[in-house]
Structures are given as structure tokens and as C-alpha cells.
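What follows are several structures.
Next come two complexes built around chain A: one with chain B, the other with chain C.
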Partner chain A sequence: MNSVGEECNELKRSYDECFNHWFANKFLNGDRNEPCPDLFAKYQSCVKKAIKDKDIELWELERNVLGTEHEKKPPK
Partner chain B sequence: MKYFVVQDVFQYTWEQVVCGFWKRYPNPNSRHIMSEDVLDRKLVGNKLITKRLITKKGSIPKWGEKFIKGCSKAYVVEESIVDMANSTFTTYTRNVNLKDISTVDEKCVYTADRLHTTLTRQGWVASFRRFSANMIEQFTFHKFKSSTAKSAEGFKLVLGKLYHHETEHPSRAEKLKNSAKIAKDIAKSKVFHTSTCDGNAR
Partner chain C sequence: MRIRQAEHVFDAPWDLVVRAQFRKYPNEFNNAVEGVDVVERRVDKTGTLYSHRLLSTRWGLPGWATKIIGSNGLGYGSEHSEVNARTKTMEMKTRNLTFCNIITVDEKMTYRPHPEDKNKTVLHQESVVNVQGVPLSSYIEHYVIDNIATNAEKGKKAMVSVMEKIQKESLELQHGAQKTMEEAFQKLHFNERSPF
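Right, the complex of A and B next:
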């Protein structure tokens, strides 16, 4: 799957491959080391630049909803 | 606001489902997904917490075009927590643009159930548009419900490919049965109307 920034596609592919290997073989087996830190940093720096060019409210990306009082609740 | 809750069963272990989740795009039912990116990812104890940005092709009905000027992309943020201590995987998804038209929130909880995985999916659709909120909510709600069913089917196709589980490929009979179930679920779904503070919704 592509990145939001075309120029980040290759970095994303490398990171995804590394992450998927880490997730299946390490994380699920109890390894708690950060996954693929170098690849992630490079990919992140590319994505953050790409997002700036899009019509997206950055505060919306930064705020957290899951696990907070901002989650929608089932009606009573 | 409209709300629904549905359950689904994946004939795969919880570990297979969470591994497959990160590989579910592309699949034959995800042609509207244009991109997905990790915005943030961290380990907190036994939890992996991820935030992703997903871009979807917009699909606006003819009558809706007059409300929306020139925006055909929907940006969606998906937050997720893989909780190894409790064998649960929770995702929360919300749109971050087009919110002046409608907001769509979805929460999915995947729980381990012996050799299977149970998914509980909740959805909320709301629109606060003056005069047209009800029409927009109805349209968005039904579209959202049918797209979640298609998305689950697409995810199962990916899992089938990853784990060679042929039975997850729906036969024609199963597809018909599933379509009937989806239609029944929509008819039975809990639809709640709540008033808004500013009174614009109705």
C-alpha cells in the first residue's frame, strides 16, 4: 500500500517489511525492543513533510481519542 | 446521531488476525484506499500503540455534490492498541476532514476466542448540517454499514491468502447468505436519534 507522499513509498515499504517481521517474530513472542528505529525515523521524516502539503488539520492528527473520554459511547 | 453494533467471527487465531491486520491493504475490496501511513508507534509495557493516517477516495452521491466543493478525499485517523496481556486488539477510526458534512467514528475490538477471533464493531455517524443533516446521516450510515461488511470480507481474503485457509473465501452461497445477513442486520440495527445542543440537526 502506498504512502500519502509518493516520495515516501520506498521508505514505507522498507519499514513495513521490517515492522511486520518484528511484529510476528519478536513482539508476539515477548520481545519489547522498539521496532526498526532507523527505518522508522527516515520514513517518519518523509511522511511528516508530505502531510504538510495536504489539506489536513495537524491538531486532528495529534490528538488521541482511543482510551480517552473523547471516544464515542453507545447510547443508553 | 446513528449508532450500530455488530459482531463477526474470524476463523483464525488472534495472533493471525493481528499479524494480518497490518497487511490487509491492498485487497479486492479496498480499491477506495489510496494510502496508509504510520504517524506514531510506541511500546508501552505489553501494549503496542499505533496511530495511522489512511486516505480514502471520496464517494459523494449526486445530491450531495452541492454540499461539497472539490474535495474527493477522506482522511481518516486510525488509533490502535495491541494488548498482549489481555489478548485484545482495539482500533478506533475517525474522519479528520469533511467533518462539516458528517463525522464517522468506528471502534473495533478483536478478542481471542480459543482458535477463533471475535470482532465487535461499533459505529457512530453524525451530521450537524442545517436542514440536510438527517438525509446525510441516513446516506452515510447505510454506506458505512455496507462498506464495513465489505472491508471485513476483504480482510478475510487477505487472511485466507496468508494462512491458506480456503474456507474463508466465500462461496456464492455464502456470499448470498452474508448479503442476506447484512441486510437483516441493517434492518435490525439500532438507530438512535439524539438532539444537538444548537438544534441544527433536525
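Right, the complex of A and C next:
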């Protein structure tokens, strides 16, 4: 599986492997620590930059549009 | 607006099902998802794991719909999930980010152990489709809901396939560990017998 930013693919793979292992062996057995913090910090920083570069309005668009003035309406 | 609700029972324990949910893509049944990224993740004091993921998909809309909605290019979806290992609940909410001034597809999935059989897991899935501001909106809603139903079937097969893969990995790890131990034991035995 790829990342939204090609440059983040390797970081994603390393993080995913670490997370999947933690989730199966630690989290499901009661561990409450943050999973793979160092790997995640590097990967997350790459992803956030890729999101910005591709102009994906991730956080701004997480709001209701239909029923508000942002809804696309047919011309009068 | 169109709503679809469905329930499905997986013949697998909750722990395995939720592991598979995080590892669902890529799979041979659904080629639409091209990328998955974790944008935020944290564990809170109650032990709940929160994840926010960005999904990149390529919508397979037919020509007539893409002319109405826009280009049939890459679309993005935002997925928020919460998993609690103590209460054994997983809730996942997804919404499209692309074209959401015209169409919103909200999906909520909940995984819980089956109340009568802890080796089974119940999935409850609810989808809400809303199309406004373009012609044939009701028709498009109907098409998208049908598409969701088809994808839900693919999704179940994908989950079963991923769970089988996970179980195979566990077996391989076990065999690998067993083989290493056997070899170590044989070496030890040989050394004991050796006259030197």
C-alpha cells in the first residue's frame, strides 16, 4: 500500500510494521503507551508535508457543507 | 438522502477482526483504495486508541455521473476510529473529502464481539449518502448506495482474506521459532556426545 506522498512510502512501511506488531502484541493485551513514537514522528511529518503540497484540505474540509452556505447551489 | 444499514457476523474473534481492519488495504477485492496514511494517532487515559487516517481512492463512477459531478480522478476520504481493548469495541467513521460540496458519503462501522459467541464478531454498518445541487441527485444517491452495498460484499471477503493472512503469519512465526529451538537442541545434544 502506498502513501499519499510517494516520498513517504518507506517511512510508512516501517511505521506500519511497527504499529501492526504493537497493536497485536501490546495494545490488545492492555498496553496504553503511544505506539512507535520515533517512527511515527518522522512518518507523520512527511505525510503532513505531502498533504500540504497536494493541497488536500484535510482539516478545513472536515465540516458540514450540505445545508450551509458552502453547498453548491444551481444558478438562479 | 439515502441510508443503508446492515449487519454481518464474522466467524472470527474480535481481536483478529480489528487487526484485519487496520491492515485491510491493499487487498485483491478492492482496487479503488490507492493509499492509506495515518495522520494522527494517540492513546488516551481510558486506553482508547484514536486514529485519523487519510485514504486516497479512485472512484469508479460511470461517464454520465462524472460529467455531472466532475472529473473521475483521485478522491480522498477521512477516517476516524476508536478502539478500546478492554470493552472490545471498535468504531470507525469515514467521510469523503472530495466533491463534498455536492456529495457526502458518511459511513460508520462498529465491531463488537457476538453477544452469544466470543469467537464471532458482529459488524454493524451504516451509510448515509447525500447529493445536492446537481441534476439527477436522487439517481446518483441510488447509484452510490448500490455501489456501497457491492463494496460491502467485497469488504467482507477482503477481511476474511486478511485474517487468513494474519493467521498464516502467526503459524509461520511459530514454526520458525520451533525449528530454531529444535536445531539448537540438536546442536547441544551433538556437542554433549562429542568426545572432544
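Assume the second predicted complex is superposed on the first by the 57 of 76 C-alpha atoms of A that agree within 3 Å, B and C clash if a C-alpha of one lies under 4 Å from a C-alpha of the other, contacts with A are read in each partner's own complex, and residues count from 1 in each chain.
What we mean here is this: contacts are C-beta pairs under 8 Å (C-beta built on N, C-alpha and C of every residue); 3 or more make two chains touch, one makes a residue touch a chain.
Since this is a predicted model, take the numbers as computed values, not measurements.
*Asks:* May I ask you to decide whether A:D55 touches chain B, chain C, both, or neither, giving the answer as first, second, both or neither?
*Replies:* first
*Asks:* Applying the touch criterion given at the start, work out whether A:S3 contacts chain B, chain C, both or neither, answering first, second, both or neither.
*Replies:* In the superposed model, A:S3 contacts both chain B and chain C.
*Asks:* Does chain B (first) or chain C (second) touch A:R32, or do both, or does neither?
*Replies:* Both chain B and chain C are touched by A:R32.
*Asks:* Where on chain A do chain B and chain C both make contact?
*Replies:* Correct list for chain A: 1-4, 8, 12, 15, 19-20, 23-24, 27-28, 30, 32, 34-35, 40, 43-44, 47, 51, 56-57, 61, 65-66, 71-72, 74.
*Asks:* Within their complex, state which residues of chain A touch chain B.
*Replies:* 1-4, 8, 12, 15-16, 19-20, 23-24, 27-28, 30, 32, 34-35, 40, 43-44, 47, 51, 54-57, 60-61, 64-67, 71-72, 74-75
*Asks:* How about chain A: which of its residues touch chain C in the complex?
*Replies:* 1-5, 8, 12, 15, 19-20, 23-24, 27-30, 32-35, 40, 43-44, 47-48, 50-51, 56-58, 61-62, 65-66, 70-74
*Asks:* Over in the complex, which chain C residues touch chain A? Could you list them?
*Replies:* Residues 15, 18-19, 22-23, 25-26, 33-43, 45, 47, 49, 54, 56, 76, 78, 83, 85-86, 95, 97, 100-102, 104, 130, 132-134, 166.
*Asks:* Given the complex with chain A, which residues does chain B contribute to the contact?
*Replies:* 1, 3, 5, 15, 18-19, 22-23, 25-26, 33-39, 41-43, 46, 48, 51, 53, 55, 71, 75, 77, 79-82, 84, 90-92, 94, 96-97, 105, 107, 122, 124, 190, 192, 194
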